[in-house]
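Shared chain: subunit A. Partners: subunit B in the first complex, subunit C in the second.
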Partner chain A sequence: MQELLNTLTLGSIYLLFALGMALAWSTIGILNFAHGAIFVFSAFSAHFISDFVPLSMPAIILISVLVGATLSALTQWLAFEPILKRSKNHRSAELRILIGGIGVAAIPIALVDWATASAPFGFANSSYSTQVYEIMGLRITNTSLIVIIAGVGIAVGLTLWLRRSRQGLGLRAIGVDSETASLMGVNRTVMAIGTMAIAGGLAGLAGALQVFQLQAMGVETGDQLLIKAFAMIVLGGLGSMAGVILGAFVLAGAESLIFAANMGTWVDAVSFGLIFLVLLVRPQGIFGRQEVRRT
Partner chain B sequence: MSVPTPRRHLFKATAVLASVGLLAACGSTGAGTQGGGDAGGGIASEIKLKGIYDTTGPVAYAGVGASKGAQLAMEEIEEQGFLGEDVSISLEEVDTAGEIERASSEFSRAVADPGVAAIFGPVAGQQAATVAPMAEQSKVPTIFNQAGSEGVVIGDYTFRGTAPMGTYYDIAAEHLEKEGLTDVAVIYNGTYPTFAEIGQEIFPELAEKHGLNITSSQAVQSNTQDFTSQAQAIAQDKPDAVVMLLIAPQSVTALTQLSQAGYDGQVMATSVQAAGNVAQAGEHAAGLMYPVDFSAAQDGELAVDFVKGFEEKYGETPDAYAAEGYDSMWWLARGIKASGDSSREGIRAGLQQVAAEGFEGVMGDLTFEGNDMRVSGVLVEWDGTDEKLVTQ
Partner chain C sequence: MIDWYTANSVVIQATMTTLLLALSIQLPLRMGVFSFAGVGCFGIGGYTAAIAFTKFGMGTWTAVAFGTVLAGVLCYLLGLLVHKLTGLYLGMATIAFALIVSVVATNGGSLTGGASGLFGALGGITNLHVFLLLAVVIIGLAISEAGRFGRKIDTVREDPELAVALGINVTRYRKLTFLASGLIGGLAGAVTTLLRSTITPAEVNFHLVVVALTVIIIGGSSSWLGAFIGAVFITWLPTVLSFVAEWEPIIYGFVVALAAIFLPGGILGLVKDLRHRRGARRGSTPPPEEGAAAPPDDEPHAPEPSRTPVPSQGGAL
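For the complex of A and B:
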């Protein structure tokens, strides 16, 4: 039971990180490789300010979310939109956005690296303190509860918003065919910048909550999570937010089981091996739709 | 101790092999050039050194620290007229920024410059192991700090001014034995070579030697970020102590989660936790112990003077990386003085002569196995805000 609770917490951390990335990728088609850098830079910005002024948890989260949203929206406006406009076709645009994302990511990461001299940073100066509860033999912290509620709550909320709201419908339309969506009155540019702002805000939220949960973050943390998030999205099925939720908890569950078996150095090999096996059977991912090619 | 090295791709290795091949093809181009010294020996009035290490990127802390220590030592050497009244030393630094291929190309350029008498090499293990064959091939004496990997000190021209962590980890096991903390759980980063070696080979041997019983040994990866499961398992077993061999961000999380899981025994870590790297763990890190090759809390005369001089120059307390850079520069100066020759060959001979005799540095009595430095190390305790000495 304790392992299940640990899996739920770890899965929620993964989920919070992956949600923003999945949202942008599955709707406006932006696979943002700067997502990890935005995640790190947002948390670092909150750390930087909280070092001068002791801040509460909500204030730290707010700063991190705002920085993430701003950085992500600026990335879309100043980097990805010009790339999209100048690309001749969808395939070349995708490749250029990938490379552009890597380029953009290098800047905030270099700044954090320089400012921290590669030392881990956290919110040691925050007024928030973690409490441990023991309920029926299970140990859980207040931070874990916040992470689980935030992760699952936002994931479900986002899924419902995409499925049922008018804006969600517009976004999904862009994901299917952006030109037709534009003809139907969807303003692709505004929607794309807005989506990237939400994705960045989620990265900021994930960054702040991860630091509260794990106490520290290293400058390379974003890159490590980026690969896992990529795997979760592909496993769950691109375009399916429910798939991302499942992917996050499957990966966290696999990792917890491997750790429980004391095979810690096999975590990536076994977890990603399992994902590979699933994709052999269902290349579109667990909840992904089969692609139909018309000739 | 060695610093973590990022993952690299095949094309980088190819570029490096090409560089080594080019040097080999050039034959004795490097060997024939004598930098910084008179053609017939003697100490040149200007000795030109090159520093090729990370001053930005993931292991910048090691490169920056070593650089600051070396610069301070250079100032002292010149002020004291240690090599002669009119002898000056210059150190031109190049940032490798965590890139193997950049280290390789900058190293190629440095060895091709006949004015360069010696090189301070990369601090990252993989970069150092890449350029070490080039140093041997071109016969340029190269001193590495950190870079604890295999394949770094490989011949007459490669030297290391940092004792590998495993060589002084004995003081940790000795302390546990002395305190009667015999049941020990080990958690280590199995994908980080230095920690994997200590966790799998060195510490089990030390445990046997000191009568310690390893109750559990858990390996994690460098990208493992959550230690809840491991911490709860350890807390349930209640060992007397935990040996924690993790990189800096991991150790903050692991310490916090061990504490949250209810574990209140002794945690023994590594020098990676020095220099305030566990400060973010706050109260959870109080009482943490780790062996280091240098601590600013050391009270030896040379160490006290070094700390004072460093604080005056930089306005901050020196860390182990700075001490290693400082002692390495003094090793070089002593070597030049011993051989009376600042040419590449003279420096090589002098460094080996000093290594054979050993000398007293800020890290204590420095001895050598071949060209590789050894220190006895000290055990320190982190009290939540600062380090204090446990052993002398």
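For the complex of A and C:
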């Protein structure tokens, strides 16, 4: 039971991170390789500010979310939009966005690396303190509680918003056919920047919560998480938010099992192997629809 | 000249090994196959050569050959598995492959030296040897870029459906590019490892993918020459400008992002564009179809009308 709870916490952080990536990728077609860097940088910004002024938990989370959203929207505006405008076709745009993302990601990561001298950072100066509750023999910290509630709540909320709301409809329309969608009055550019801001905000939230949960974060966390998130999205199926939720908890569960079996050094192989297996056996993922693209 | 060489032999060596690694990714990119398997093969080749050299007492060149061939074979098998994937999915699957190589190396026990890697694999390779190997690889690539064969590859990249219609066996080209990429990547890994005498799992990581990609993006992905320009740029810039060495990752990040946005063909693509433009201006009466093929206004970066079948954009990226 205790393991299940830990899995749930780990999965919720994965979920928050992957949701933003999946949202941007499945609707506006942008796989943001800077997502991991945004995750690290926004948590670092909160750490940086909280070193000067003692901050409460909500304030730290707010800073992290805002930094993430700003960074992500800027990336979209300054890098991805120009690439989309200048690309001949879908395939070259896809590759250039991936490369542009890798380039953009290097900048905040290098800044954090330089500022922390590659040492992990935390929120030592925050007024937040961890408390442990005992419920029916289960030990749960208030941090995990917040993480799980935030993760599951936002995931369900975002899924419903995408399915039910008018903006969600517009966003999904872009995902199906951006040209037709813009003829129907969907403002693609504004929607894209908004989506990226939401995605970045979620990355910032995941970053802050991860630091609260684990007490510290290393610079290289972002890259690992990026590939894990890819594994989750591919497993669930691109375009399905429910798939991302499933993917996050399956991956977290598998990793917990590996840790429980005392094979900690193999833990990264789970997500890499998962990517491989899913792409070979069922490329559209569990809930995904087969992509049809005419050339 | 001799003085200059001895002063810079380490940098020259780094340029050549970086170029070899970059070529293992440039080749599939030129074929329109978005594969980073070359980086994984760099690890396989490096580890195989180091194990063969230190644990089994093989000679330098047997070890290198062993590493190269094993990497090539494994990469071909990988190609058989994943050649149907395209675009981002293929890219991520091959990145996952490279990272799995690293995880396996970490868990390989005494054979791979675990997380601390292998030491003391100093083979008898000189810069001249590396240069000759590099020359062989580049001649091979240059042949594949020239004439009929080169145009076939361009077609496979630009329009696979058209290529199939023209009777080109696209699937076979794609599978073979995995073999070639694996061989070059394995060679790069084996040579680099036996030159440096060590290899660790941490070297075969996402960062290595980024380095190889940076080289190609800066130089241009359409030809080996682009990878050469990129390798020279990336290894010599920090030695020429000292402030670059200090801010290296940030500057490269900016350069890669800017190149992805403004220069999809890299430096090579830029030079080709300029030459085309100058050639077009010098020609007093341009052929009429050139004017007709002028790019529409909504595509500011559309390729210059070019007379050769090779697109001046430099293809895949």
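Everything that follows uses one rule, which is that the second predicted complex is superposed on the first by the 279 of 295 C-alpha atoms of A that agree within 3 Å, B and C clash if a C-alpha of one lies under 4 Å from a C-alpha of the other, contacts with A are read in each partner's own complex, and residues count from 1 in each chain.
Heads up, the rule we're going with is that a contact is a pair of C-beta atoms (placed from the backbone, for glycine too) under 8 Å apart; a residue touches a chain by one contact, two chains touch by 3 or more.
Note that the structure is a prediction, hence the values are computed from the model and not measured.
If you put the two complexes together on subunit A, you find that subunit B and subunit C bump into each other.
In the superposition on chain A, A:2 makes contact with subunit B only, while subunit C stays out of contact range. In the superposition on chain A, contact is made by A:92 with subunit C only, not with subunit B. Once chain A of one complex is fitted onto chain A of the other, the partner contacts of A:49 are absent, as it touches neither subunit B nor subunit C.
When both complexes are overlaid on chain A, the residue A:110 reaches subunit B and subunit C alike. By the document's definition of touching, of the two partners only subunit C reaches A:102; subunit B does not. Once chain A of one complex is fitted onto chain A of the other, the partner contacts of A:74 are absent, as it touches neither subunit B nor subunit C. Of the two partner chains placed around the shared chain by superposition, neither subunit B nor subunit C is touched by A:62.
Of the two partner chains, both subunit B and subunit C are touched by A:265. For the superposition on chain A, the stretches of subunit C under consideration are 165-173, 201-209, 255-263 or 291-299; the one running into subunit B is 201-209.
110, 113, 265, 268 are the residues of subunit A that lie in the contact sets of both subunit B and subunit C, per the superposition on chain A. Across the complex, subunit C is touched by residues 31, 79, 82-83, 85-88, 91-92, 94-100, 102-107, 109-111, 113, 223, 227, 230-231, 234, 265-266, 268-269, 271-273, 275-276, 279-280, 283, 295 of subunit A.
Taken together, the subunit A residues at the contact with subunit B in this complex read 2-3, 6, 9-10, 13, 110, 113-114, 117-122, 124, 130, 132, 139, 141, 210, 213-221, 224-225, 256, 259-260, 262, 264-265, 267-268. By the touch criterion stated above, subunit B contacts subunit A in their complex at residues 6, 56-61, 64, 190-191, 216, 218-221, 223-226, 228-230, 232, 247-249, 252-253, 255-256, 260-262, 275-277, 279-282, 284.
Residue ranges of subunit C in contact with subunit A, taken from their complex: 32, 34, 81-82, 85-89, 91-93, 95-97, 99-100, 103-104, 106-107, 115, 161, 206, 210, 213-214, 217, 247, 249-250, 252-262, 264, 299-303, 313, 316-317.
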